[in-house]
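Two complexes, one shared chain (chain A), two partners (chain B, chain C).
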Partner chain A sequence: MVMPRGTAIVVVLVLAGLLLVPVLGSNYLVDLSTEILIYMLFALSLNVLIGYSGNVSFGHAAYFAIGGYTCAILLTTYEWPLLLAFPAAVLLSGLAAAFVGYFCVKLTDIYFAMLTLAFAMFVWAVAFKWRDMTGGDDGFVGVTVPALIDGRVPYFYFTLVVVSISIALLWVICHSAFGRTLVAVRENRTRAGFVGVNTRAMRHVAFVVAGTFAGIAGALLAMYNHGMYVESAFWTESAQVLIMTLLGGMYSFFGPAMGAALLYLLNVFTIQYTEYWPTVQGVILLIILLFVPEGVVGLGQKIRQQLAKAD
Partner chain B sequence: MAVLEIDTVHKNFGGFVAINDVSFALEEGETHAIIGPNGAGKTTFFNLITGHLQPDHGSVTFDGRAITGMAPHRIVKLGLARSFQRINIYPRMSVFENVQVALIARDAMHFKLFTLGAALNRDETSELLALVGLGDEANEVAGELAYGKQKQLELAIALAANPKVLLLDEPTAGMSPQETAESIRLIEQITVARGLTLLFTEHDMGVVFGIADRISVLHHGVIIASGKPDEVRNDEEVRRVYLGGSSHAAA
Partner chain C sequence: MKRFVTSFAAAGLTLAAGYGAASADEIKIGVLYPTSGGGAIYGGPAMQGHDLAVEEINAAGGANGVKVVTVARDSKLNPAAAAAAAKELITKEGVNVLIGGLASSVGLAISEVARQEKVIYIATIPKSIKITREKLHPYVFRTASNTDFEGDALAQMVKRVDGKKICDVQLDYAYGHDLADGFIKALPSHAPDAEVVLTLRPKLGATDFNAYVTQIMGSGCDTVVSGLWGNHFVNLAKQGAPFGLFNQVTYISGGEIASHEIAGKMGADYPDNVVSNTYELWYHSPTEAHKKFQARLAKKAGTEETAMWPMLAYNGVMFYRAAVEKAGGTDAEKVIEALRGLTIETPVGPLTINAEDHQANTGQFWGPMKKQAGRKYRMMDPVTYIPPPGE
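Presenting the complex of A and B:
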């Protein structure tokens, strides 16, 4: 399997453009790019679950937050080196997803979604109440970031490398034998079972993959902000990443990354004019659901087909 | 030797007895048809054999191994595959992918997260598609195929599991008489070529006489007759059930 040529060209161009961002000399642009990269990874991780396995999660922020808090606490409270703290944070996110996923994949559809939400609210409650460890609603502030990457531009490059490698791994997973079969499970669980696929185990693995990569994004955010806050575990964070995924298009691998960038930029743009960002977000969600259910990528494909027909 | 044995299997749906203490043996290598009017319990019978439903009591033995209560995906792995009466494919995937995924599952590759999928089993997928007459439709979206072609795709998916025993649930349901005849001929060819043991259901008696070695008649959840086509055709009770209550007269 090779990537379609057009997609590959866009990926290379975006990567090249990102490498050059610090050269432009705008601190603001470097920060913005770092944040967007983190949310791109977060949205792509969720799409393994939504787009590929067909299970909607309302609680994906849980693994994002577990990755973030674990990395922050291990680096700062326990003074672990980054090379241990970061993998440990990712591992713990994956283990949490394995535990929660075990129960969630017993259910389907709305019951699945509500259970993911329930577990995520539990994670939020722990982050909120376990003040000694997490800082509670004051947040966990003053994260120790290793000197090598502690700086706007070094941290941007660190994020770019980690996110690129993560996205490459996700791409392989989504296009693997596993990924192909997962789509079949999404399309028709009964049929997949009758060709010999343990569909529940497939959905469980997808859950763990999604949680693990969300943990990477969370750890990156904690170090970027030099802090971790309970908002990152709240259901609104789960809702935002869900909107990013839908906005970009869940039936395309890169769609959610595009959705993440778009929604983030819209957010930044909107809060200059109004404090009612949630309202704007609501309107965006309505527009997606009513008019472009397959997201920006799906819309692009439709337009291209129409143009091809017109020729 | 019986490859599939069903012993006093019973299934009750909230007071309605769908399958009533049915015992049945499928001999290795035979082509066996289960006929009966719509609503006789044929699909329920298949669902009980393949793990989709659990019997209230009774046992199912496949290849000397008890499979009662086993999950469908494990039963398939033992060599018992099925198709469905109602189209049961992956509608938004390509025809090619529909079959390829079944081969990936057969080879137990579906938990390989870092083995790219597109190049797997390409030749075998194409061969299977050609076998069922879908060689030219490989790249079409499965859900957009004509009904009869979707039925053929069902067959290819079931065959991909490389089964020893194949269960086809009304393989010709909804087909025109001409499609039915072609389809039955194709199934017969494949069964012979692959040395399959075939168990299939059909509501139209006329269809099965040409290819079945043995026929069992299911009526109100009970097998009322079982034997060679001629024996079944001349059975008093079968004649009564078919000629009396159904528009599908005995051939």
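Presenting the complex of A and C:
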């Protein structure tokens, strides 16, 4: 479970680079980095389910939204301190994932995907209809963020710390015996079952891990925006994080993080330069998915192989 | 893993290249309307009105002598996306003010960014009462009407048509609930002997209203009070007409279904006995300024029968211009002081922003929709201007 040296060096470099972002003096860069970090964690959490256990979820936004709303409501309505509200939000996302996962892992493939979607839309409907608690489609606006981290740069560092720790934990989980067993389940569920692996339980745990870390990302977003909105629970949000994961490459640990950064930047830049951004974005994604189905990481590997051949 | 670094470096470089600071020789307006997807039919016309205002200001030598430029972003009808875009407008583009918004949730989200970043936001279309009540802060202003004003006008209309038994039909989301609250609050003072006999809450985005039609007709109400806007109304009208719904009840509606966008689109399908509202009518000029405004807009839009939305966007920009000129610059605190209690001449007459709740006294035109000789569509006749309550 040792990180390859090359990877470790890059991780340290990226971290060091991120630590220096606020020094550049651009508020915009700080905001953008915070947003990207949150979506990176969101995409990485989904990859535990997709890349490692081989279950495609169409409803991952549910846990993102539960984490976000819970943190927002506990901080604001019930005036809990952050040290309680944040873990409670993460815990509730995990519990919700445990509950939903119990039913979903009984199914596989497309049936699994459809059931995750159904539960996610249920979460969306609750957020939409429970106006007294969530603000309905007006959104939960005006989240109380503790003074210590209520500021552009402090919040960026807070996000950086939380996301780094979360990613480190995810890395350990994915590269542990548990993670390797998940890969075995992904590759051949029947055979894994024959060697004595309880495949359903393994997939259930993967579901809970994915949901829990999505909850962390959601809670971070709610505090960052000082608000949580029902659109974050909608299927389009689930679809976006799915695209991020596929774009980066789901068979690599860091792939989805790169996919998240790439899609988010694509989003931000196309909207700035053209009002026809959906067309431009659609074409770019189409090209990537048609010609590089393994994602950005897959493309890198392909190029390396070609270069090796040329030598 | 090298590619990890490369992609980050590339992203960083692109960002650095794209980073620009606000300059002092121009006033930057960050504008947010939905220009893609389902909201584009409102956002597109709103942008026309916005551009018209900016062109006029610059043709007249700018605001306070400074050129005005627009930086537009698609609000995507999504509050989180609109909030991210609003932040980018402030931190990267360095805009002096945010103007726009359509859905209530988007308006509230932009307002929250304005509060954090201490940048003025003028809400031109969102009507949710929350923006200027529970969530009011120094940096947010609204030049649109609100759900309390509209609900009060609905109650006045009930009195005018002498409605006794009311069917309260509103969409099941923020605007519908807020409008219903405003109406129920105002009903006793305008029509004390009217009572609500049926409450229905169709879903936002619903297309099948047959079940509601039969319930309304079976309830024995003589008046329907509603706020079903856009295609919700179009579908209800088409499905209700064969049952004779509009012969049995008078249909009083907010949601601007008297605007020409709807009347022109529905043509002969527009039902009888509809009393509704609009912010502006291309064929009704309460002021000379309206005639000129409408002529310029018609030229820009390429049609004589112009939409209602452009004027809302137009007025928002004009309020900001007047405030900048009064304040002698774009300093946010001074412009806030200038906006509070500010009166400007708009195409529909003088409007004033209340110093207390930052809400403009934007009334609306109300009236029955009648067939007109030689026209393929209905027009409001007679047109009555209903100011906000207390005016």
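Here, the second predicted complex is superposed on the first by the 297 of 311 C-alpha atoms of A that agree within 3 Å, B and C clash if a C-alpha of one lies under 4 Å from a C-alpha of the other, contacts with A are read in each partner's own complex, and residues count from 1 in each chain.
By our rule, contacts are C-beta pairs under 8 Å (C-beta built on N, C-alpha and C of every residue); 3 or more make two chains touch, one makes a residue touch a chain.
Being a predicted model, the structure only gives us computed values, none of them experimental.
Looking at the shared chain after the overlay, A:Ile173 reaches chain B, while chain C stays out of its contact range. In the superposition on chain A, A:Thr7 makes contact with chain C only, while chain B stays out of contact range. Contacts of A:Tyr78 after superposition: neither chain B nor chain C is touched. Touched residues of chain A were counted for both chain B and chain C, and C has more of them.
In the superposed model, A:Tyr111 makes contact with neither chain B nor chain C. Touch criterion met: A:Thr181 reaches chain B, while chain C stays clear of it. Of the two partner chains placed around the shared chain by superposition, chain C is the only one that A:Tyr28 touches, whereas chain B remains out of contact. Of the two partner chains placed by superposition, only chain B is touched by A:Gly196; chain C is not. Note: no residue of chain A belongs to the chain B contact set and to the chain C contact set alike, using the contact criterion stated above.
On the chain C side of its complex with chain A, the touching residues are 1-5, 7-8, 11-12, 14-15, 18-19, 35-37, 72-74, 78-81, 83-85, 87-88, 91-92, 103-105, 108-109, 111-112, 116, 128, 130, 135, 173-174, 177, 204. Residues of chain A touching chain C in their complex: 4, 6-7, 9-10, 13-14, 17, 26-29, 31-32, 35, 128, 131, 136-139, 141-142, 221, 225-227, 229-232, 254, 258, 261-262, 265, 268-269, 271-272, 275, 277-278, 296-297, 300.
Looking at the complex, you find that chain A touches chain B at residues 1, 172-173, 175-181, 183-184, 187-188, 190-199, 201-202, 205, 209. Those residues of chain B whose C-beta lies close enough to touch chain A in the complex are 50, 52, 71-73, 76-77, 81-82, 84, 88-93, 97-98, 100-102, 104-106, 108-120, 157, 160-161.
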